[in-house]
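Dropping the structures in below, format is structure tokens.
After this come two complexes, each holding chain A, first together with chain B and then together with chain C.
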Partner chain A sequence: MSSEMTTTIRQEDIASVRLIIGLEIHVELSTRSKMFTRAPNPACPEFEDSPPNTLVDPLVDALPGTLPVMNRRAVEMSAKVGLALGCSIAEHAKWDRKNYAYPDLPKSYQISQYDLPLCFDGAVDIPSADGGQRRIGITRAHLEEDTGKLGHELPGGGSYAGSLVDLNRAGTPLLEIVTEPDFDCAEDVVTFARELRSLCRFLGVTEGVMQKGHMRFEPNINLVIDTNEGREYRTPVVEIKNLNSFRAVEGAIEHERTRQLEEFLETGRVMGRGMKRTRGWDDQKLVTVLQREKEDAHDYRYFPEPDLLPVEMDEAWIEAVRREIPELPIARRARYRDDYGLPEKDASSLVEDRDLCFWFEDVVTQQLEATTETSVDARQAGHEAAKLILNQLAKRANERGVLAHETGVTAAQVAQLLQLRREGTVPPQAVDRLLELAEAQPLDMGELAESNGLVVVRDEGAMEGWIEAAIESQAQAAEDVRQGKDAAVGRLVGAVMKASGGQADAKDVRARLLEKLRP
Partner chain B sequence: MRDPIATATLRIMDQNDSTESAGTTLSHEDIVKVARLSRLKLDEEALEAARTDLSAILGHVARIREVDVEDVAPMPRPLDTVNRLAEDEPGPTLDRSVVLDLAPVTEGDFIAVPKVLGEGGA
Partner chain C sequence: MTDPCNIDRRDDLTHRIDAMRRGETTATDRLEASLTAIDRRNDELNAYHETLEDTARAVASEIDGRIARGEEARPLAGAILAVKDNICTTEGRTTCSSRMLENYRSPFDATVIRRLRDAGAILVGKTNLDEFAMGSGSEHCAWGPVRNPWATDRVPGGSSGGSAAAVAADLCDAALGSDTGGSIRQPAALCGVVGLKPTYGRISRYGLVAFGSSLDQIGPICRSVRDASLLYSVMAGVDPHDATTAELEVESWNESMRPAPDQLRIGIPREQRNAEHHPGVSEMFERAIDRLEAAGTSIVELDLPLTDQGISTYYVIAPAEASSNLGRYDGIRYGHRAKPMPGEGLEELYARTRTEGFGPEVRRRIMLGTYVLSAGYYDAYYKRALQVRRLIREEYDRAFEQCDLLLGPTTPGPAFRIGAERDPVSEYLNDVYTVNANIAGIPALSIPAGSTEVDGVGLPIGVHLQAPPFAESRLFGAGSTIESILAD
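Moving on to the complex of A and B:
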């Protein structure tokens, strides 16, 4: 089958070792119905908790007389991802039948796209671990259908001697994205994988929940080994199947780097026809393990799918899809940095989750649209919203194990709170209490502050009285301040705050005290 | 049963054509492989019958292959129609009891099959 090429190289002969990695990514699209039939799709949140074998219709079960019809939304979602990855959209894409007899697809074949994929020739720039930008070529993105699931555990515990088939996932639209082998380190692969997940979530084409298998990564890895004598060797390519966490992607690549070098030193085997191997990742032992040999492509006996018509997307259709593409994560982060003056870390935190990001933007917009006496510009609105959301609100959210936009506080309430702070209507120490109140009550923040006694006291008479009383009770501190010891003012401020029941604005109190003692 | 085997065999022949001279006779090994890929359990007699039949079919196809189609675009189907699409609206499903009734063996809510190793083909 393959001409075995071997050579003998020792560790000390090696000048350098480079990784070459290409990535295949499977993305389950969150359409409501399946790829080629209208049975509900478990990758759609509406149906994700469906009991086993309840999302099966006659086509999924391959009953005689059924014929596939493609899902318009799945085609559009795929084109959307393709466009966002800088791909060209095929004028003419067709379907092919990939034959394999396995119980996870009752048809005994998978409908896929072999030689004419929907999207091809794209590129994405990512920030590389070496500090620069790295361009990752996108070879193609094609549509196919997912398979059912095979399990070995009986419900209620115990293992079953055979395999248990759940056909719910069979026929879920699956977008397979294939990159060029443009990566040379695990970090960049993970950066790309995260970026792609974020992008797909912004495009609204997948929920992107890794634990649920919405995105699965399959790196193709080999090494280029240069010797001191100037010779170059390439180790056989290994494909790691079905990684569903970023940590697994990183771990598998790092492990392969070591393993392939050791294997090369031992066997001297280099890349050649039929040398490609398939391995899996053992999450417990943190090693890759050899899997069943991948059947050679011709064993799948691809041929044009006779039951489906080709897809031809014209300019108008492509444009309509293009118009649905929102501002993408990379552009958003840049805008947050430039327009709101946010540090990279804060910008990334906000963009990491699509819903949080949209919620943040809602808070900004609501501030800008509010008609109040104290005007605010976009930079201030964005900056202050980010700070409040990522600090006080995130802290409260963390304690409850939710994200900042999921605490119950509405975007309008955050906008109102920021406005109240700018006006000096509520003191800084009231912010946390107000957030707590807002979590339970969707009322106007001004009203909540009012009814809970959190509004800064503007009663000049009362304030004057508290200040007088403080100067009297803390006579020594007052004298120190008169002598120019600013640090002593703290005790006086504390006394006023206490007297006001926390309703005074400490900054304002401090200014008044200094004004009074050192006129 | 014959058609899928024939289709499969054509692909095998395609592969062979590129490496060896285009033959129209399938070897015993070829037919065993095709049967295995299709998960068909055939006895020696059936294998030999399939081998003879398929070789005859391939002989016919070999003649078609002699036609010069250098400048002719492939036509995988006779229709000019494209883009038959359905709207993304969930439709009816089979009752699970129906799905399970169609399977030879079940276990709880699942279809049970003999242990299969490996990751599947997809």
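Moving on to the complex of A and C:
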């Protein structure tokens, strides 16, 4: 049956070893109801952490007489992802039954899409570890339903000798994305995986929380080994199941590279029919472990699902979905870099979370729309907003374990604060205090500064007096400045600030001192 | 000439509803009479699994009150209906005549049940059937076979044998059946009553326990064609719970729309006219054609060469779907579960549960279906069957260009003796004329056409009328006309 071939190659015969990796990604869509019934979906934040077997209805439990009804929203979300990945959307997709018996699969078949997937033939460009761009082909993206879970732990703790079935997850809409085997290193796979997660979150199709299994990765890995004699060998493809962290994806691929080479040197086994094996990832030992010897030991007896009509997405429907697609993370990052002059790292931080990103853009827009005396251009508005959000605000947010847009400070307040700073109405050292105040009170930032005595003092007489006093009390420093030692001005500024009770603008004070001492 | 097997089609459900409205009888009196009759005859016939008397009595009395107050205008007010026990009802059990579901109670009503209740129907009981509707004699039952009321040593046909027997013996006004390859029409013919299989997608399958999902349809078994149209009009129409129901308005039909015999253009398939039937069936069919011609109907002889391909196509598609549909009965969440043995793995527990829970015919079809879907066999069997299915549809399309309806015998012979069909294939051939309507999804009606005498006993036989998709009203019109011609 199997065309297993063996050969004897030694380490020193090998000229080069190349990884070939394709990726399958399962994305749990965050629709309110499940794929084929109205029962609530645990991948929707409103229903996550529900007690076992509470998100169940007669269909989920596969009671006799129940019939599936397609969730249109899940189809739209999938098409959205497909479009964002450059895929074609099928005018005619169909459903198939994948039959196998297991207690976490109540119907004993999974409704999936076998030969006519919803999305196909796409491609994405990612920045590669080699410094260039790499194009990753998307073979297909199809919709199916998730299974339930089996456990051996009683709710509330304590172990159980048998198996416990929780059907909450059974029927959650699952988008399976399959790439071409276009990767040759673990770093690129991780880059792609992160990019995909960010994209899916931007599209609002999944919460994308890896620890909760909202996204699961399954790399297919093998090696191309070239010998000094110019012969090429390919090792059998291994599929690593259900990786739910980027670290695991990277670790599993790296481990397979070493393991497959060792195995090849030992056994000489090369790729052949029916040789695909399935391995799992051991997070403790950091190794992959064999799960199933041969993939085609399973016969899923696929056939067209008679209970559902084919999915006919017409041009109008596809267009409506296309219109819902916001600017995607890759494009946004480029824009932040080019238009706002942000470093790559800052641009990435801003697109990491969709809501944070939208909030940031709101801050920028509000600055540009505000009618004030001091005008601001987009570049300055974007740059200053990013700096404030990623530094002072992010620091405060971090301490509370929330994201920058979740501290209670509104986008309008941030825009106002940036404006106040540009006008010199408030001093830099007042920024943190103002953010603290804004967290609790949704008032205008100008009012908050006024009522809390944080506005820069404009009393020229007082300022003149503080400056005179400082020059007098710090005579040596004043003399140094006159001699051209700029560093000495700091001590004078400090004295003025102290005298003003912190209400003077340090920058302004510095300028005035220099003006006075070196006219 | 009155046929020995003729039930009085003038005393039908439509007539009885009128009688209650006119105050000549009451729902309660009629229900009590039905319950008494069931009590008297069911031990012998085994048509009912159980009666639902408590709720039935409450509903009947409520309807009587409404009629007395002049508030009752619902189309089925006081109709006493029996329900095949593979249709989910919140009252009573839904066993499918299987040990697997011996004590199963559904938490929801099938869509048809909800619609019938809303229309004022009284559900009197759940009727016996071949296990999971797999059979043509109502013999493959977990709790004994159903007996034909006209000859109790014979089968009533199947799988809706309990429903057909209950209607024929007047143990209800009408009944619901399900039809995957002839399971409504064949027992209707063998019991001398009317049976309708509607167009696929016309009546919701929500709450019908699935057998062959692309073939199954619920339909009525009645005393007259107009009764069938009455029940159909209440049950038909799109259902958000069943994605395969058609979003097409249900045409209303009444007897005033009955065509005259000379307005009918009836196609007679040569393959069905010239086949070797039981002599009584051939005789009956020729007599029916003669009478129609005499009444002025234009008879068009035509060819349906794929008639013989139906059974083999059906016995690939239906078991394939059944093997998948019945996979859920694993004893994990509900239903029968074998007593776990020490050291036994999951696979063994599944195997024993399903071997104990399913009868031999169901097991045979699960194995058949699993086989035809297996890698390496799919193309030769399942894919091929789907291709033939398309050819059969096209053959019907061509036939309906030449005629309005097709007429043939419903079955090749009258009811066989209980236990007589020892060879599964010979039992399967009972559905030779009915099965293609399921494969093509078209509507079809069986109408009583008198009887034939076998061993000194008169046994009913029927004619089979088929129409293009969604042309049920054409079926009712022609059916009602033919019903009169054949009965007179």
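In the analysis below, the second predicted complex is superposed on the first by the 507 of 519 C-alpha atoms of A that agree within 3 Å, B and C clash if a C-alpha of one lies under 4 Å from a C-alpha of the other, contacts with A are read in each partner's own complex, and residues count from 1 in each chain.
Convention: a residue touches a chain if its C-beta (ideal position, glycine included) is under 8 Å from a C-beta of that chain, and two chains touch if they have at least 3 such contacts.
Please read these numbers as outputs of a predicted model, since none were measured by experiment.
K.L.:
With the two structures laid over each other on chain A, which partner does A:Arg32 touch: chain B (first), chain C (second), both, or neither?
P.N.:
After superposing on A, A:Arg32 lies in contact with chain B but is clear of chain C.
K.L.:
With the two structures laid over each other on chain A, which partner does A:Lys107 touch: chain B (first), chain C (second), both, or neither?
P.N.:
Only chain C; A:Lys107 stays clear of chain B.
K.L.:
Contacts for A:Pro64 in the overlay, against chain B (first) and chain C (second): which applies, first, second, both or neither?
P.N.:
second
K.L.:
Scan A:Leu309 for contacts with chain B and chain C and give back first, second, both or neither.
P.N.:
Touch partners of A:Leu309: chain B and chain C.
K.L.:
Does chain B (first) or chain C (second) touch A:Leu55, or do both, or does neither?
P.N.:
first
K.L.:
Given the superposition on chain A, which partner contacts more residues in chain A: chain B or chain C?
P.N.:
Larger number of chain A residues touched: B.
K.L.:
Give me the intersection of chain A's contacts with chain B and its contacts with chain C, in residue numbers.
P.N.:
Touching chain B and chain C on chain A: residues 58, 61, 63, 69-70, 99, 101, 103, 108, 165, 299, 301-303, 306, 308-309.
K.L.:
Chain C touches which residues of chain A in the complex?
P.N.:
58, 61-70, 97, 99, 101, 103, 106-109, 165, 296, 299, 301-303, 306-309
K.L.:
Would you mind writing out the residues of chain C in touch with chain A in their complex?
P.N.:
Touch list, chain C to chain A: 87-88, 94, 96, 101, 104, 106-108, 110, 205-210, 212-214, 240-244, 320-321, 323-324, 327-328, 330, 332-334, 346, 350, 370, 373-375, 378, 382.
K.L.:
Given the complex with chain B, which residues does chain A contribute to the contact?
P.N.:
Contact set of chain A toward chain B: 31-33, 37-41, 47, 51-58, 61, 63, 69-75, 92, 94, 98-105, 108, 110, 144, 146-147, 150-152, 154-155, 160-167, 241-242, 278, 280, 291-292, 295, 298-304, 306, 308-312.
K.L.:
Applying the document's contact rule, which stretches of chain B touch chain A when the two form their complex?
P.N.:
Result: residues 7-8, 10-12, 14-15, 37-39, 76-77, 79, 81-94, 96, 99-100, 102, 107-122 of chain B touch chain A.
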